[in-house]
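In what follows, structures are represented as structure tokens.
In what comes next, chain A is part of two complexes: it sits with chain B in the first one and with chain C in the second one.
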Partner chain A sequence: MMKEGRNLKSRFKHLFFYLDLTLLTQMMIPLFIFFIFLIGPLATVLYVAFQYNPLNILRDPTFLSFNPQGQLVFMAKRYFRGEWVNIIIFRGVSYGVIFNSLANAFFVTICSSILGVIIAFILARYEFPGKILFRVLATVPLLMTPFINAFVIKKLFDWRDGLISFFINDVLNLPYRVGIESLAGVAVTQIMTFFPIIYLNVFSSMVNVDPSLEEQAESLGARGFRLFRTITLPLSLPGLAAGSAIVFIFSLEDIAAPIVFNERRFISYQIFSRFIEATTGQLSPVAATLAIILLTLALLAFAGIKEYVSLKQYAMLSRGGRWKVRISKPGKKGLIAIYAFVLPFLLFTAFPQIGVFIYAFSQEWSGPLPKGFTLDNLSRIVIDPLVSRAIINSLSYSIVAVTMIAFIGLSASYVIARAKIPGLHLMDLLVTSPIALPGLVIAVGYFYFFSTFFAGTILDPVRTGPYFLLMFAYTVRRLPFTARAVFAGLQQVHVALEEASLNLGASRLRTLVFIVIPLIGLNILSGALISFVYCMSEVSTGVTLGGLGGISEGHQAPITFIMMDYLNRIRGPHIVASLGVLLISIQLTVIFLVNFAFKQKYAYIGV
Partner chain B sequence: MNKKALGKIQALLLIAIIVIALSSFTIWWLMFRPTGAGEEEKPSEKPSEKPSEAIKLHVLTRHPTEILLAARNAFLKSDIAKKYNITDIITYGLAPGLWVKYIKSGEIDVAWGGGPTLFDYLYLQGLLLPLTSEEVLAAIKEIPDTIAGMPMKRVGSDGKIYWVAAAIASFGFTVNHDRLKDYNLTVPKSWRDLASPELGKTLVDYGTPALGIADPTQSTSNTRMYEIILQRYGWEEGWKILTLMAANAEIYSGSSDVRDAVIRGDIAVGITIDFYGYTAKLVNPKCEYIIPEGESIVNGDPIALVNGTKHPEAAQAFIAWVLTEGQKILLNPEINRLPVNRKVFDTPIGKNRTDIYEAYNKTLQTTPIKFNDTLAMQYETVMRWYFRAALIDVNDALKEAWKAILTKYFAGELSPAEFENLVNRLAAPLTFKDPETDKTVVFTLEYAINIQPKFEKDASYRDSLISAWKSAALEKYKSVLQSVSGG
Partner chain C sequence: MTRVVLKEVTKRFEDVVAADRVTFQVEEGELFTLLGPSGCGKTTTLRIIAGFEMPDYGRIFFDEADVTFKKPYERGCAMVFQNYALWPHMSVYENIAYGLKLRKLPKSEIDKRVKEVLRLVGLEGLENRHPLQLSGGQQQRVALARALVIEPKVLLLDEPLSNLDAKLRLRMREELKSLQKELGITTIYVTHDQEEAMSISDRIAVMRKGRILQIGSPIKVYMDPTNLFVATFIGRSTLLRGIVEEVSGRRVKFKVGAFTLDGRIAEGFNMKKGERAVAVIRPEDFSIEFKKASNVIDGTVKLTMFLGPFMQAKVKIGSQDISAYLDPELKLKPGEHIRLYIDPDDVVIFPAEGWEELEFEA
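Right, the complex of A and B next:
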């Protein structure tokens, strides 16, 4: 008895000896922020969902059905525009909203994984002329241009006026017209947009594989595919697992592609459409139930990979390859395969971004080919008061969010890196979890939590508009990037430097400001810049909460809301594309700064 | 090492200061500049106005921003604005559900645009004031009392005028002639044509719908059109047409989505309000707005003085301007609405828009249907949700059944009587179990009117009804599908 008491007592003593005021504050602030702006809202969603009796949804055949509706592919020979053609349209089969989202996420993840692994392997293990172009093309889809990229894909695959059918039928004169619509369209868009995430993760895993392991296997007789299957792929599994889980979650919560393809049979769209009805102050409890389903699925996926995306793992990966990577030159057959299949594929997946530029600079693009060059569209985004206001809004929210992120991220990472108290891995989990939390769930949570408990105050989104909440939504959702960058930097700063400073009498705070921050300044800045970029292009809370104040001259909506709204206006796509060009420019600037000016080589997992 | 570290510290501190300054500035800016949604500077407290006091008018509206911006720019330059020292028009674009709350808060001066149903509701709630100033009455004299048999003014029981139409609109469909040609379709002339098997042939031939309609729970103009169809053809026949339309169509969330789909050629014909059609034609000359002859109505879109305004004289001056000088804005190529005041066509701008003038004359001469607004209001909410539950939410099943019927019909395997029979089964109003009384009932006009009060107030009653409709509809469509594929 006495022994245990002493153990407990001495543990507490040790704890409080170790925790000074600064560390305590640094621990409390992130926890407090996360409690109010993450845990609280999530708990409210749970509460609302269970009040409504969530099982009702599972009994509703439009949400869950074992009778498939629609057809996977429509194929028929028809007389169209004066000739007989074989029309092939991919549409997809519906089994109800919930099942569609799940099946779609799995399908997208599997296809993205296969593509990502192949591309990663080719780029990690082979050297060939023009490789740098391949590497660039493979990451182009990650340049975020929400809505307009899906729009370009939809236009590309329109079987009546799209570029692909035009090329096959009108240029090559083959009697075929190909189209991709509805469910299939969403899947294809997501695969094209997300596969680089898998590629980047697997790539960085592959270059971290100890080459001696592969050499040993080779000397024992394993070659080619066997070598790949038994050694390379299993060792790259961390990257593949992390990438797949993230793609899975992103696919579940993607709202842009369903909106563009007018495909209502997804969980994300159903939540979004209920937000449109929420302007009267009531959000249908069905939204809460759907949010819970989304959250559960995402958490399951996240649980599988939480070690791989933790701060510690990221820091290890970002330190980069420690050995010389095995690179070989492909034979003739390999080279042909690379240039004949891989290059066109990468050009194809980069087409949405190319299309964005075409839309931004063309006067008209109603048929398969664009017409006219103009800079009008770009000037419109400054002249149009709604659009310019949206740009200012996004910049404001992002700057404020990034400032908060810098402070909170620094505090949280420092505590996790330096404080030797139990339970820190939970804080690690908390701080990285927003990567995996679907933004729609946060949007729903914020709506319920703040319009209920903070009604009538500045935090009430229905009364005063969403600007305050959007800033915090951005902060919480984009915190992990900075936290990770800071943590990685702290790993490279030896704790002895701080201990020396503390020994000489400096307080923890002084040490932090004058020793630690200068040493990891570039990490903080890089992390903040990456967080900034992701704040500017944030979709989920922007198109739901962002619309709560209405759209008039002094509106509070961010860029992404305006992009969604303008898609259906006259000359809309051109203006949305101009905004896309703006976003791409910001992203390219940041990538350049972070990678070349600040020389922060990140295991940029594209998230 | 010292200098380097110091330099870095200084640089970082400088960056931090700049960022903090920027953030504080933006927070201040966002919080204390007018944002147009809720927190506003209070209008002046004095009820009497001296011309020297600058006035800002607050306008509640459902008009899109193009109109609001054009109006604000033009009005603030006008003499009448200077006369009353009006320095700003602040607009609030809000959903109809929030209007009563905002008006009752006493912050609004003018209500502008939103359809006669909404304004009649406001009038009945006592939220509008009569228009009495000299200027506005003089302007009202230039507006006709009725157009195509529909009222352009709401006269109260006291003989005073409570709202005036500031623009007119009709309802019909916009077609894309290129796409019609692609699909080998003739130009539809009536609502019934939209429900025809001919239009459905596109579904069978290409797997793609040729028609586009919108969800009435998210579009007031589409709600209007469905009500027109129900009153033109009667309840039973009307629901048959609506059901087949939903079977023939791609469903969109908003009316502007429908318009855009027509412009892009995603669909060949979409039901739209007239000015969407005129705009479509400007953007894509292959598009054309068609008013179904003898099957449409002309709506006046009202403007009114709000009860609780602190600036009645200035507000009425603005209203007078909208009805006279302000009519020119409607002829803007991004707006394309029909004016209510004929005099605007004598101005240079008016003389330029011959297409609008033509459309205006056509609209005046159109034979409208006899439309009973009061009757429509009695079942409107129920109608919208029934449409959504029975036709939209289970649209996949409806399309499967309809496609099966059409495939056999075009293959010549159905006699006219069989076809008629199947269509009646598919499209007639639902027979279902009322969740409250547990009795089997038919969705008749009387039933809809009876349940509307409870439907609007009791959320769980509403949810259970919607569920009942969905399951009944699903059952019906499945059984029709089985009859067709089985038999």
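Right, the complex of A and C next:
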């Protein structure tokens, strides 16, 4: 007993020797925020889900069915615009909401991985004229233009007025028209949007592989595909694992593609559609159950790749290249393949973003080809009170969120990097976890938690509208980007620089203000800017919680909600595309500032 | 001037004991060195004194005041870090003035004292440079100036010379010693370089695996090591295994193969007849002998290396190898048979226990 007591006392003494008031504050504030705005809501979702029998949902054929519905490929001969044509439409087969989400996520992840690895290998190991264009094109799909890029893809594959059918049938005069719809449409959209995430991660891994490892294998006789299969790919596996986990989760929680293709048979759509009725103040418990399923699948994806990557690794990717990377020139056949297949492929995957510009600057695009140049759409986003209000909303939410992010990110990362107390890895995990948590789960959690425990307060999304919650949702969801940037900065700052200050008599706070912050200022700023970009284009909580206040003059919804809402209005796509152009401009500005002005090396990982 | 006392200071990291009941007293104005191989706990001990680590057990006193639980910024000691830890976003002047500003000195006073200390370390005129524009030696001086300018109670130096090239290191060593004597600041110096420790210190504490093995003046630890590790770590030495043949007082006859050497028992030990023992001999204490018949051993030269003032010869004696520094004029060649003489006072006999471990570390 005596020993126990002394132990406890000495532990406390130990704790308070290493924790001064500054560090303690820096630890408690992030923990408090995360407790209220992450742990509490998630716990509530669990509670609500288990109040009803969550297994019921598995017996409902809407959610899980062994009778497949629909057909993978629909083929017919039809009389269309004066001639007989063969119509081929890819649609996909449904086995119920839960299975669809899972199968789709697997399919998208596998296809994205194959495409991403091929592109990464070509761009990391070969030098050819115009390579820089390839690298730019490959990252274009990462420019976030919620809803409208999916809308462009849908248009591309429309069998009536799509560009592809136009090209086959009207230009080449072949009697075929091809379309992609519903489930297949969602999958194709996600593959086109997400494969660059794999490409960037694998590329970064590949240029970071010590070239002597490959040279050693070569000197022992390994060449070509064998070298790739036995050395290059295994060494790039951490990048592939990180990338595919992100793609898997992004695919699961993606709500834009299902909405655009009007495909309701996905978990994300089911959760989303229940929010439409939630303005009444009630959210169906099915939403909680679905949220738990979504969360479980996302966490399983991470548990599966835990061996290869830690959460730390990918919020910020070093673009690497400490060695002189092994680069060779492709042969003639290789060069032809690169220009004949890779370039068209990359142009194709970059097309949605190009299409956004076409929509934004055209008067009409209902047939296969756009008509008339106009700046009217761009001016409409300022003139239209609902749209301009959304821009102001998003800007102000994002600015408030980023301010909190900068403060919490700095505090939490500093504590994690410097405090010498046990259990900090848990705090680290907590701060980085939002990257793996589907935003829809957070939205559901916020709804239950704040409309129950904070009813009638400023935090109640039903009574006072969602603006306050959106700020905190943005803060929690986009914190990892800043936290990791700050952490990376702190790792560059030798602890002795701070110890020298403490040693000369400066308090912890003073040391933080005069030594630490000046030294990692650019990291904080870069991280905050990246967080800002991701706040502006945040979809999951924006289109769910964001609509709770209703859409009328002076509404509280963010840009992304309006982008979804306007898609089906007259001239809507043109206005949404103009908002997309606005978002792209912000993103390009930030990319330029961070990479070229601040010379920080963070890559973007996507939506 | 301050006296520093450590009492039973113990610190454990996971399953490594970094400091094991470390106890010593540094007198006012003394230059006291913690010497040992990497991982021996010397830096941890210094960091405990600075307040960056809390001991699990034990107390630290500055004069009469117990500072064990004081924060680093409440202790009034100044540390010079191994990598200097100069703030890259501040000029030399700002780096040095930092501690003075914290003490809320008037600007004119700060100005005066920064100028003074810059003169002291020989860096006048470099106030406005930034650390990255300075050479290694200059950075070292700025770090020292930054510590000295606050007139610390205790100056802590953590391997301050290890990042300098060999020539500069010798010069800075002299400067550091004369500066310390001039200012009379109680100084605790950490190094793994035994030559540096011997040349600069008033007293040395030799540490190994968290423990202090011996404390004494450089001459004392060199001449009278009380521990086999100290004997091999300080200066160069070579080991000969054998058996104690005869004991008379502190003197022994020590049998190595077919030869018998006269030697003396190391301080703090007692030896018995027939006990296995190790003789520690400095390589410079061997000399080639043709006439004398007592205290000699015969061997065969295996390898020679010319080191300038002497020739280092690896000599095979029975089944053992020793190193000897011999006269280069002799032009020894591998394969030659030679007879070596050692003065009985230079043959220090330790119990054999633990010698294998030392061989392995070497």
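Observations on the model:
Here, the second predicted complex is superposed on the first by the 572 of 607 C-alpha atoms of A that agree within 3 Å, B and C clash if a C-alpha of one lies under 4 Å from a C-alpha of the other, contacts with A are read in each partner's own complex, and residues count from 1 in each chain.
The criterion applied here is as follows: a contact is a pair of C-beta atoms (placed from the backbone, for glycine too) under 8 Å apart; a residue touches a chain by one contact, two chains touch by 3 or more.
Computed from a predicted structure; not experimentally measured.
Of the two partner chains, chain C is the only one touched by A:A506; chain B is not. After overlaying the two complexes on the shared chain, residue contacts for A:K13 are found with chain C alone; chain B is out of touch.
By the touch criterion stated above, A:G554 is placed in contact with chain B alone, chain C being left untouched.
In the superposition on chain A, A:P175 makes contact with neither chain B nor chain C.
With both complexes placed on chain A, chain A has more residues touched by B than by the other of chain B and chain C. When the shared chain is aligned, chain B comes close enough to touch A:G572, but chain C does not.
In the superposition on chain A, A:Q71 makes contact with chain B only, not with chain C. Looking at the shared chain after the overlay, A:P234 reaches neither chain B nor chain C. Judged by the touch definition given at the top, the superposed model places A:P518 against both chain B and chain C.
Residues common to the contacts of chain A with chain B and with chain C across the two structures: 514, 518.
By the touch criterion stated above, chain A contacts chain B in their complex at residues 56, 60-62, 67, 69-71, 74, 76, 78, 80-81, 87, 89, 91, 94, 158, 160-161, 181, 262, 264-265, 273, 276-277, 279-281, 366, 385-386, 393, 395-396, 399-400, 402-403, 406, 458, 463-465, 467, 514, 517-518, 521, 524-525, 549-556, 568-572.
Across the interface of their complex, chain C is touched by residues 10, 13-14, 17-18, 20, 494, 496-497, 499-507, 510, 514-515, 518-519 of chain A.
If you check the complex, the residues on chain B that touch chain A are 5, 8-9, 11-12, 15, 19-20, 22-23, 26-27, 29-31, 33-39, 65, 68-69, 91-95, 97-98, 179, 182, 205-208, 217-218, 250-254, 256-257, 259-260, 264-266, 279, 282-284, 334, 393-394, 396-397, 400, 467, 470-471, 474, 478. Within the complex formed with chain A, the chain C residues making contact are 50-52, 54, 56, 69, 71-79, 81-83, 85-89, 98-99, 102-103, 146-147, 150.
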